[in-house]
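I've put the structures underneath this note.
In the two complexes that follow, chain A is the common piece, with chain B as its partner first and chain C second.
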Partner chain A sequence: MTERYIARSTAIAARMLGGEMMVMSAVDSTFFTLNEVATAIWQAADGHTPLSEIVARNICAQFDVEPEVARRDADQFVDALAQHGILLVSDHPLENPPVEAA
Partner chain B sequence: MRQSHDIAVDIGGMPILLRTQDPSFRQLLARRYEGFVDATSAPRFTFDVNLVTPTPEMESEEGVRVEMRNGEWHLHRGDFRAQWNPRAGQGSIRQSANPYSIDSVLRIVHTLILAKEGGFLLHAASAIRRGRAVLFSGVSGAGKTTISRLAPREATLLTDEVSYVRRVREEYQACGTPFAGELARVGENCSAPISTLYLLAKGPENKVESVSAADAVGCLLRNILFFAEDAELVKLVFRSACEFVDRVPVRRLTFVPDQRVWDLIR
Partner chain C sequence: MSLMQEMNERALQLGVPLGIHLDVTYRCNERCIHCYLEHDDHGEMTTAEIKDVLDQLAEAGTFFLTLSGGEVLMRRDFFEILEYARRLLFNVRIKTNGVMIREAEAQRIRNLGVEQVQISIYSRHPEIHDAITKLPGSLKHSVEAIRFLKSQGLKVAIANVLMTANLGEHDGVQALAAELGANYTLDPTITPKIDGDTSILDLRISGAELNEVFHNKNLVGDVEEFCAPPPPPGDDVMEGLPCSAGHTAAYITPYGDVFPCVQFPLPSGNVRRQKFIDIWRSSPELNQVRSIHAKDLPVCSTCSHVGTCTRCPGLAYMEGNMRGPSTADCEKSFHRTGIPSANMLRKARPSGRLIQIQPLAV
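Entry: the complex of A and B
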C-alpha cells in the first residue's frame, strides 16, 4: 500500500472544547466534530509521520481496534477532511507543512 | 452647496451616522429607527447615502456579496451597492429611498464590526428578565416570535428576530435591535449580561436539556449572521462561537406554545 502523509491546513480553525475537537474550514465554512480516534489522527498530522505509523502508534496502541479496521477508517477520515481542504495529503513527507495549532 | 440631513443610528452602543441630502428620507429613517436615534454620542462611522431612482435591475433577486478589496469592504445586492473603509470610518451607500436596503447594509456592517470584537448578530429572540438577558435561537419557524409573544409582562423584549451579542471583557451582553421579525415590533434599546442561550424547538412538552459543547457551537454557527467570504473572518467567527459556548450556558428548550414555558427560563 502506498504510504500517505498528512498535515493540517492553515485554512482552518480548530478548538478543543468540552473534550471534543471541533474543526471548521475557513474556505467553505464546513464544520466538523471529531471523535476520539479522529482527534488522535488530527493531532498527529505533522506532515512527516506516515499515516500507517500514526494508526499503529496513536490508534491501535490506544484504542481497542483491529489494525485493518483502524487503517480503513483512518483512510476514510483522511479522504473526507482532504475533500474540504482541512487536511493536506501526500505520498511523500510534506516539507515544512503549514501546521495549524491543534 | 446642498444641505445634508444627518441621523445617527445607535445599535449595540455603536452609533453610525447616516448622511442624506433628502429631508424626507431622513424622516423615514427617524421613524424606522425610533428609539435607536442618538443625537449625543460621537459616531464611530459615517455613511453618505446616495439615493437613486429605482431601476428594474435593482428589483432583481441577486444575493448579497461582501468582499474586502484594497482595505475597503464592498457590499452588493440587487437593491444596493455600498462600500466602507473601516480604517477611515467612512462609507457610502447607493440605493433607492427605502428602509429595507439600508437595514441590510447596517446588519452587514454590524456583523463585520462585531466579528473583530468577539461578538456577533444571531438569529435569535432575546429579552431581559430580572436584570439578565436570555436568548432563544433557531431557524425560521423554530419559535422565536412565538416565545417572544408569550414573554411575561415584566420581561423587556430586545428583539424577536436578530439578537446583538457583544463581548465586554470576559462577559457577553445582549443589546436591543430594531431588527424585528413577525412580531413587527422594534426592540427596546437597552442591554444586559447574557445568562443563557436556549436552542429552540417546538415539541409536545416543555423541557430543558443539556447540550454538548460541539452541538452548541454547531447550532450557534448555523444561526450567526455572516455574509463575507473571507477566510480570516470565518476563523474569527468560529473563535467567537467557541468562546461564547465556553462562557455562557447553552441549553435546548423544547416547548409547547403556552406561557408556562417561561417558568422554565432561568
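Entry: the complex of A and C
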C-alpha cells in the first residue's frame, strides 16, 4: 500500500470541546466534530509522520481495534476531511505543516 | 439539532466561553454619527498583552473570535494579531469599515483563513453614507474593499444600520450587496454610548418606520410568519436564558475590560489584573447575569412576547435594570406583531386615582 502523509490545513478553525475536536473549514464553513479516535489522528497529522505509523502508534496502541479495521477507517476519515480541504494528503512528507491545534 | 446548536449547548453545559468579541482599538478613521464609542486611545493593550489574552482564550476553549473596533486597521500590528489568532486556530471574523483594505490587505486576510469580513454600509449614495461616517470618500473605499475581498473568494457581510439619517436607503444597500455577492444584514438598533450617554438615541427610527421594515418581505422573508403573534410560552421558555452574553460569550475592550457583551457594559473584570478564565468563572457580575432566567424577569415574564422577543439584557441594563424590559425591543415586538408588550401596557395604565384633586390656586 502506498504510504500517505497527512497535515492539517491552515484554512481551518479548531478547538477541543468536552473531549471532542470541533473543526470548521474556512473555505466552505463545513463544520465537523471529531470523536476520540478521529481526534487522535487529527492531532497526529503533522505532515511527516506516515498515516500507517499514526494508526499503529496513536490508534491501535490506544484503542481496542484490529489494525486492518483501524487503517481502513483512518483512510475513510482522511479522505472525507481531505474532500473539504481540512486535511492535506500526499504520498510524500508535507512541508510547512501547520501549528499545533490548541 | 444542528451540529452548531449541539456545540453551543455543550459549551453552555461546560461553561466554555465559546465566542469572544475583542475590540482591538477604539480609534477610528470614521466618526459615525450613531457610534457608541469614544475614539481617543486611553492606553490600549499592547501587542504582547493581546497575544497573551488570545493564548488564554484558546486555553479556555474559545472557538469564535470577532476582531473589531473602532477600526481594526488603525492598529499597525493588526495583521500580527490576526496571524497569531489564526495560528491558535480561532474561527475569526473581522468587523471593519474597509476603508484601509486594498488588494494586498484582502489577499493577506484570505491567506490567513478568516471566516468572514463584515463591513458597514449605510447607503449606496455617497452623500448619505459619507455624511454618516463623516469621512469623504468612505463609501467608495468601503465598496472597493468589498470588491477586493470578494475577488479573493472571501465571505463578506454588509451590515446596514438603519437610522433616521439613512431612512429608505436599505433597498439600495440590499441591492448593492446582491451586486457585490455579499450577505446583507439590516439592524435598526441604536444603542446608548458605552459611557451611558443617550443623546444618539434620537437617531432611532420611529415606530411607524419600524413597522414598515418588519412588513417588508424583501427584508424579513415570510411576513406572515415573521409577524405572527407569539405562541403561549411553555416551561422551557420560562426556564430559558435571555441570550449568550455571559453564558457562552463575552466582550473584551481594548483596555482589557471584560463585559458580558459589547452591548452590555457591565464591568466584570480586567485581563490586565486577572486571568481571563478567573474572571469568566468567578466574576460576581457574570455569575449574576448567568443566574437570570426568563421567569426571573419581573415584567417580561408576564409578557406574551417573552418567548419570541429579542429582549437585550444589555440594553435593559443601560436603561437601569438588567432584569427589566429593553424598551427598544418592546417596541420591536409591538411593531412586528401589533400586540403591545407587558411593559407598554404597564406604562399606559392610569395611575389608579380616579379623581385627581388639585389645590386651587389662591
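We adopt the following convention: the second predicted complex is superposed on the first by the 98 of 102 C-alpha atoms of A that agree within 3 Å, B and C clash if a C-alpha of one lies under 4 Å from a C-alpha of the other, contacts with A are read in each partner's own complex, and residues count from 1 in each chain.
What we mean here is this: a residue touches a chain if its C-beta (ideal position, glycine included) is under 8 Å from a C-beta of that chain, and two chains touch if they have at least 3 such contacts.
Just so it is clear, the structure is predicted and the values come from calculations on it, not from any experiment.
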Inset, instruction - Could you check whether chain B and chain C clash or fit when both are placed on chain A? - result: clash
Inset, instruction - Have a look at where A:Gly18 lands relative to chain B and chain C in the superposition and call it first, second, both or neither. - result: both
Legend entry - Per-residue touch tally on chain A - higher for chain B or for chain C: C
Legend entry - Touched partner set for A:Thr33, first chain B, second chain C, both or neither: both
Inset, instruction - Go through chain A and flag every residue that touches chain B in one model and chain C in the other. - result: 11, 13, 15, 17-18, 22, 24, 26, 29, 31, 33
Legend entry - Complex interface listing, chain A residues touching chain C: 10-18, 22, 24, 26, 29, 31-33, 99, 101-102
Inset, instruction - Show which residues of chain C lie in contact with chain A when the two form their complex. - result: 3-4, 6-7, 10-11, 13-14, 16, 18, 58-59, 61-63, 86-92, 113-115, 155
Legend entry - Partner chain B, residues of chain A touching it in the complex: 11, 13, 15, 17-20, 22, 24-27, 29, 31, 33
Inset, instruction - Enumerate the contact residues on chain B facing chain A in the complex. - result: 212-214, 217-218, 221, 226, 231-232, 234-235, 238-239, 242, 245-246
